[in-house]
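If you scroll down you'll find the structure; I have some questions about it.
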Amino acid sequence: MKQAESTGTLAGQKAFSYFPGCSLHSTAREYDVSARLSCEALGIELKELEGWACCGASSAHSTNELLAVSLPARDLKRAGEVGLPLVAACAMCFSRLKIASHELQNNDMRKLVQTVIGQEIQKTARVVHLLEVVDSRLDAIPVKKPLTELKVACYYGCLLVRPREKVAIDDAENPQLMDRLVRKLGAEPVAWAFKTECCGAGLPLARPDIVLKLCHRILAQARQAGADCIAVACPECHSNLDTHQEEIRARYGDDARVPVVYFTQLLGLALGLSVQQLHLDKHLTDPVPVLSSKGLA
Amino acid sequence: MQTVETITPLPQSRLSGYVQKHSGQNPLRCYQCGKCNAGCPVAYAMDLGPRQVMRAVQLGLKDHVLSSNTIWVCLQCQVCSARCPMEIDIARVMESLRLLAILEGYPVPEKDIELFHRIFLEVVRRHGRLHELELGAMYNVRSGHLTANAGLLPQLLSRGKLSVLPTTIRDARAVREIFARAEAESRKAPAAES
Amino acid sequence: MARIGVFICHCGSNIAGSVDIARVLEAARKMPQVVYVEDNKYTCSDPGQASIRNAVKAHRLNRVVVAACSPRMHEKTFRKTVEQAGLNPFLLEIANIREQDSWVHSDDKERATEKAIEIVRLAVAKVARNYELYARQISLTKRALVIGGGISGIQAALDIANAGHEVVLVEREPTIGGRMAQLDKTFPTLDCSACILTPKMVELAQHNRVVLFTYAEVQSIKGFVGNFEVEVRQKARKVNHTTCTGCGTCWQKCPEKVPSEFDLGMGQRTAIYIPFPQAVPTKPVIDTEHCRYMKYQRFVASGEEDKKPPQCRVCEKLCPTGSIDWEEQDRVFTEKFGAIIVATGYQTFDASAYGEYGAGMYPDVISGLQLERLMCASGPTGGEVKRPSDGAHPKTVVFVSCVGSRDEAKCRPYCSKVCCMYMAKHAIMLREHDPEVQCYIFYIDIRAGGKAYEEFTRRAQEEYGAIYLRGRISKIYQEGKKLVVLGEDSLIGRPVELSADLVVLATGMEPSSGVVELAQKLNISYDTNQFLVEAHPKLRPVETQSDGIFLAGACVGPRDIPDSVAQGSAAAVKAAALFSQDYITTDPMTAMVDISRCTGCLLCTQVCPFKAISTQALRDGRVVASVNEGLCKGCGLCAAVCRSKAIDLRGFTNQQLFAEVTSLWQ
Amino acid sequence: MQDKIRAKARELLETGTVDCVIGYERATDGLTARPVFIYGTAGVDRLVFDQTCVHNLSKFLLDRRDKRTAIVAKPCDSRAINLLINEGQLARDKVYIIGVVCQGMPEVSWNRVSKEPQERCQRCPQRVPVVYDYLVGEPVEALPVTFSDVEQMENAGPAERRGFWLEQFGRCIRCHACRQACPGCYCSECFVDQLDPTWVGIRKDVTDNEMWNTIRAFHLAGRCISCNECERVCPVSIPLSLLNRKLEKDVGEFFDFQAGIKAETVPPFATFKKDEHLKGVE
Amino acid sequence: MAVGFEPRVVGFLCNWCSYAGADMAGTSRMSYPPNIRIIRVPCSGRVDPLFVVKAFQMGADGVLIAGCHPGDCHYTEGNYHMRRRFALLQPFLDYVGIEKERFRLEWVSASEGKRFTQVVTSFTEQLRQLGPRKDRELMAAKGVQRAV
């Protein structure tokens, strides 16, 4: 089985198949919107993958390995037929797709999966994350409104940088992709130690206590580092960090509130798009005050 | 996990064989330095730390491992794997142990987590995609935590962050079949009796 | 015409018991070119050997076969015997009819006898084609080169010099002393490192049989045992060391300050500098990269016009002896040596490979060696332990063990051996410096094998209150002025979170940079960790596969000071033993080239494990192989791969082996 | 094609780039070709190139080691040149290679020219010389190497194989034409001619013949560039290619090596890998 | 298999490991079939294919080459080169009809007297099973004349 466009530079790639993933159609709509808008502004064409299905997320691979590969495999096959590289915005989807395409290299696994999805897989698409695509044309970004004086804590989470050989788009301990971007946009990426510490992933319902504890650590660290906001590239990280800040304050007493935004929103902002266009007003922890204080909103 | 007064090591047990085979990781490489425990964000909430799980696997203490909450609490954040000095993919080991526990019907100490996963998949099975409102609602009802995250509901709705109706993809049937076949196939998977 | 005598040994009943000697005698008598046979009860006994000598004379024998025990047993003995009889010792062959016949076939006398006869036939066939071989005697230069001026190299150099031989020591740094010079105290005795090292450094520098080349490197090596030719590059110091008195004015007045390598960035040095006060030689070098005048000159050379930097030249102006020599260039010279001792030592692992520990990111995460500098009375802080970030006195210090050791992910699978001990030492010393300091040592296993070592680590815990926690640190991050350390106490089995003022990474040992290139120049081997490989890990620990090249200290593997010193002395003895001979006797069983047949394909040069075959150009323009008998060890690889049979191996020639094969069917 | 070669040859001789061009000319039978050495522009028009130019001329270069020489080389010949350079027998800068694209040569004798290319050419992977200074003809795809003939022999039973080869070796008359034609056989004194020891009996016995043929083949292991001249010149037509190609096959499989493809390369017997797993060796 | 057939085996043993191993077998009074004739070579790498082919030409039923285990070569690399040579030579001889079972390369260290006896015993047994070489019959069948 060959992997289409497995080579070739991203920078040269104009059009991509786009895999928004479930959250971007609901809780993370602002990510979807800002991604589409800023990509358009950058001349990147996103063609939403026709009939994509859920990647299975952590639930699938927590309980049924085969399912965890088969669900993404179906999407990979479809994308393979389209022939464009498949760009995922959600880090979870990205990770699942990437791992799946990795597993499919193994013949036995592929045969098994083919029987499960009831189709033969000739070729799959190369999987990339939106952050990689943007980074590939960093110098070409036409910054209209530099985000001067905005201190940003870039938060990568787990799924973009681990596991090293199957997924990682950057170093696991001190990644730089997003920091580079933020700097390019005129903002100041703060140095902090929790870029890749886990936020509690899919446990907010089942073990809120864990999620609150982990998020509290991260938020506190970001604040300490003097960040005005945290930039993320994953809807799960976002909802964990953004939605529970009141509870966290209630539970831990200290005020560790920091607005959490998507890197695409910052990108859009710098490209001259408005707060409303980018749904920057939709977050539970409102970033608008701090943005306007910097004259950015 | 049941308490164990004295343990009887079974180094030759099928358990470490299974782990080796299923996860491709050799448990005997672990020399118990503890870096995994040290870095695990949820170690504090586990009855056995990753290091202890590796140890128990080395010693073939199957029940000890498979009935621990560790394998359920594990977030798959991969920090342990990324930092292991012996390059053991510990997260992968956790995963294979959890799958084994499911296969062999071990009681699940983290009911809610298991329930969450089950409902999540049911929803996806139904629509081919996730419908978060549905997931949340069903979870709250079936877990009995009726108010869990309910506080957030108005804010989310007001911001249009929760779509009330699910989007169901055109050939959701295909997805349902995938679920069915995947479950059938993985039941055939080899277990590790010891 | 060969006149072969065959002497068959009964070895009491060892052979005669299961071999029919009479029949063997009969058969032997009929073998081609055999003119005399006899048997003895014990051929190796004096009467036995005597009768060989007599027979050689009486029957004008010019070849001898002794059918007895294994050649590995008595070949040497009988070589002497025939030599005493006036024959060349190599006109002898042994037929091994004991270990490889009578002893293994005692159950079947008939076939044991048949086999014995054929073994004798093999030997007869071979010996008929033996000819005189003469051990070549190669003169040797009784002069040793020591590469590396650490404690191990210093010890080796001193011992050789005291044994009465000249020694040249080459050190690439501006001073000798190596890592030990950077240490404050030494475990387990806690005596001051400088106090025991510097006297040795001085003794070496003043020794009349020692020549010291600091700030110099070995550039190339030719030759073989007893006759090495070594090119040494003396790096330009820009200071004339013959006139310089080391008064110190220059380095006190030099305005340019840069981080000191010797202090591992914990302190500063000037552009013209000596690495540390007790450096040997106590004469400065100019760091041309940072020297202001050098920068000025580079600027002028670059041809740019706008604002020239200052010329400075303060040192030149102030030097009372006019020793500053801006024109000085690197100088390459060749020296002859008989033996080479490699003592290139180690460097500490670069902890920045561990992103999760933030070494290089957080100023207060330092290495063990850096702490040594902070504790050292003659160090940048005058022995006051101040943490780099704000100069505060750390009260809570956390030690992280196995940084760059026992870590396959970092390609450092081995244990560095000394870290456990120096962490204990640091814990003790920090308390000595400040009783309020609390040390936490995260260890995996305490490796304290050595005289008074275990007791030492106990003292650190019992008397100096160091808390040992079993578990590897996973993450370190800054929180305000503190460093938060995430670990585990694996004995309790729970995560540990500590906030510390200072974190010390016990970085492991790795071979010094450039050791691989050196090993390739020397044609000695190194292992996957780039440590140099001994000829035998147990029995030849300081020798290499190349004669005359010896190893000492941490270039072979992690070593502490006592081991390094012991090895230095051991290597010195090997060199001295070599020098106790007036010439080197080479094994005559070496390869030889028939230039008329050699086609110059030079496959032999490619397979030779000892680089013993080089090329020579003949008058007719052909290029052919030529063997350096000093390097050849007689493996015969070359002879086996040579298609035109132009190269052959003395003692195991094509003729001999071919004859042995064919003899079996005569 | 021919004209291009002549033009190039003329140019090279005129400019004095070389002082001799080794190529082919029409033989006296008026049909087949034979080697020719051209020293002056006058002779250039004698050069021919067509389907009859079967010989591997590379070995002639050995007689002009340090004189500047141009040579007409087919793909197989070009591999021979690489081999000779690799083994220090030739200096690249002394040789000017006029490479010719080759679709395979037919069987040619005084009275017939075969339709199909010769067997050796059918199995030859190269169609374009692996090294040249000037190329004549349009480059074409190289073909995969096939060893059907060798495999067939491998699959026969040992007794069958033994019988076959004994018969073949039995026919050998030890004329050593194979050696004379082989570009890899350049030893000043071949082992077969040596008397110290007499590796191979003087008598023309089947066992001595076997000794000769097997060892010669083995001396070409990892070196044979499969031009197959040995087989072409064998008067009793022993299928020598079957021997050489067996070794070529194994060398390829075990050591991933093909002789004469590159000039700068380490031949398989000059090196080793500590941890290589070779079948038959535990 | 021929009744009472006793194969003739030529063994090339490297001086440092295998020859010493053979001695060890003797000093510890082990026993193995006396069919092998041992030729001492400095290193297994010294064994020229010529010697092997010659032995078979002379009529050997089997040829054994024994050297130090990989990594233990007294000359550091000799056995690695032999390994390559053997890897080609064995199948090649098999190809011309000298069965690969007749030609062995073994690693025997100086301390492995036991292993040496096992090697020789199993090899000899294998050759007994294989029976004598069939060249004469085959030549007769093919009408190949032998020089006198």
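Each chain gets a letter, A, B, C, D and E, in the order it is written, and its residues are counted from 1.
FYI, a residue touches a chain if its C-beta (ideal position, glycine included) is under 8 Å from a C-beta of that chain, and two chains touch if they have at least 3 such contacts.
Keep in mind the model is a prediction, meaning the values are calculated, not measured.
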Quiz item: Which chains does chain C share as contact partners with chain D?
Solution: E
Quiz item: Hey, which chain ends up farthest from chain B, C-alpha centres compared?
Solution: D
Quiz item: For which pair of chains is the number of C-beta contacts greatest?
Solution: A-B
Quiz item: Based on Cα centres, what is the most central chain?
Solution: C
Quiz item: Among the chains, which is located farthest from chain E on the basis of C-alpha centroids?
Solution: A
Exercise. Could you please state the distance in Å, as a whole number, between where the Cα atoms of chain B are centred and where those of chain C are centred?
Key: 52
Self-check item: Distance between chain centroids, defined by C-alpha means - chain B, chain E (Å)
Solution: 58
Quiz item: Using mean CA coordinates as chain centres, what's the chain C-chain E distance in Å?
Solution: 38
Quiz item: Going by the touch rule set out above, which residues of chain E reach two or more other chains?
Solution: 50, 54, 77, 81, 85
Exercise. Specify, in ascending order, the residues of chain B that touch 2 or more different other chains.
Key: 79
Quiz item: Among the residues of chain A, which ones contact at least 2 other chains?
Solution: 172
Quiz item: Each pair of chains that touch: what are they?
Solution: A-B, A-C, B-C, C-D, C-E, D-E
Quiz item: What residues on chain C touch chain A, complex-wise?
Solution: 354-356, 358, 361, 475, 477-480
Quiz item: Once bound in the complex, which stretches of chain C touch chain E?
Solution: 70-72, 96, 98-101, 103-108, 111-112, 114-115, 118-119, 122, 525, 545, 589, 607, 609-610, 633-637, 639-641, 649, 651-652, 654, 657-658, 660-662, 664-665
Self-check item: Footprint of chain C on chain E - complex, ascending
Solution: 8, 10, 19-20, 22-23, 25-27, 29-32, 34, 37-43, 45-48, 50-51, 54-55, 58-60, 74-78, 81, 85, 117
Quiz prompt | Complex contacts: residues of chain A adjacent to chain C | solution = 171-174, 191, 193-194, 221, 224
Quiz item: Which residues of chain C touch chain B in the complex?
Solution: 356, 402, 406-410, 444, 470-475, 486-488, 490, 493-496
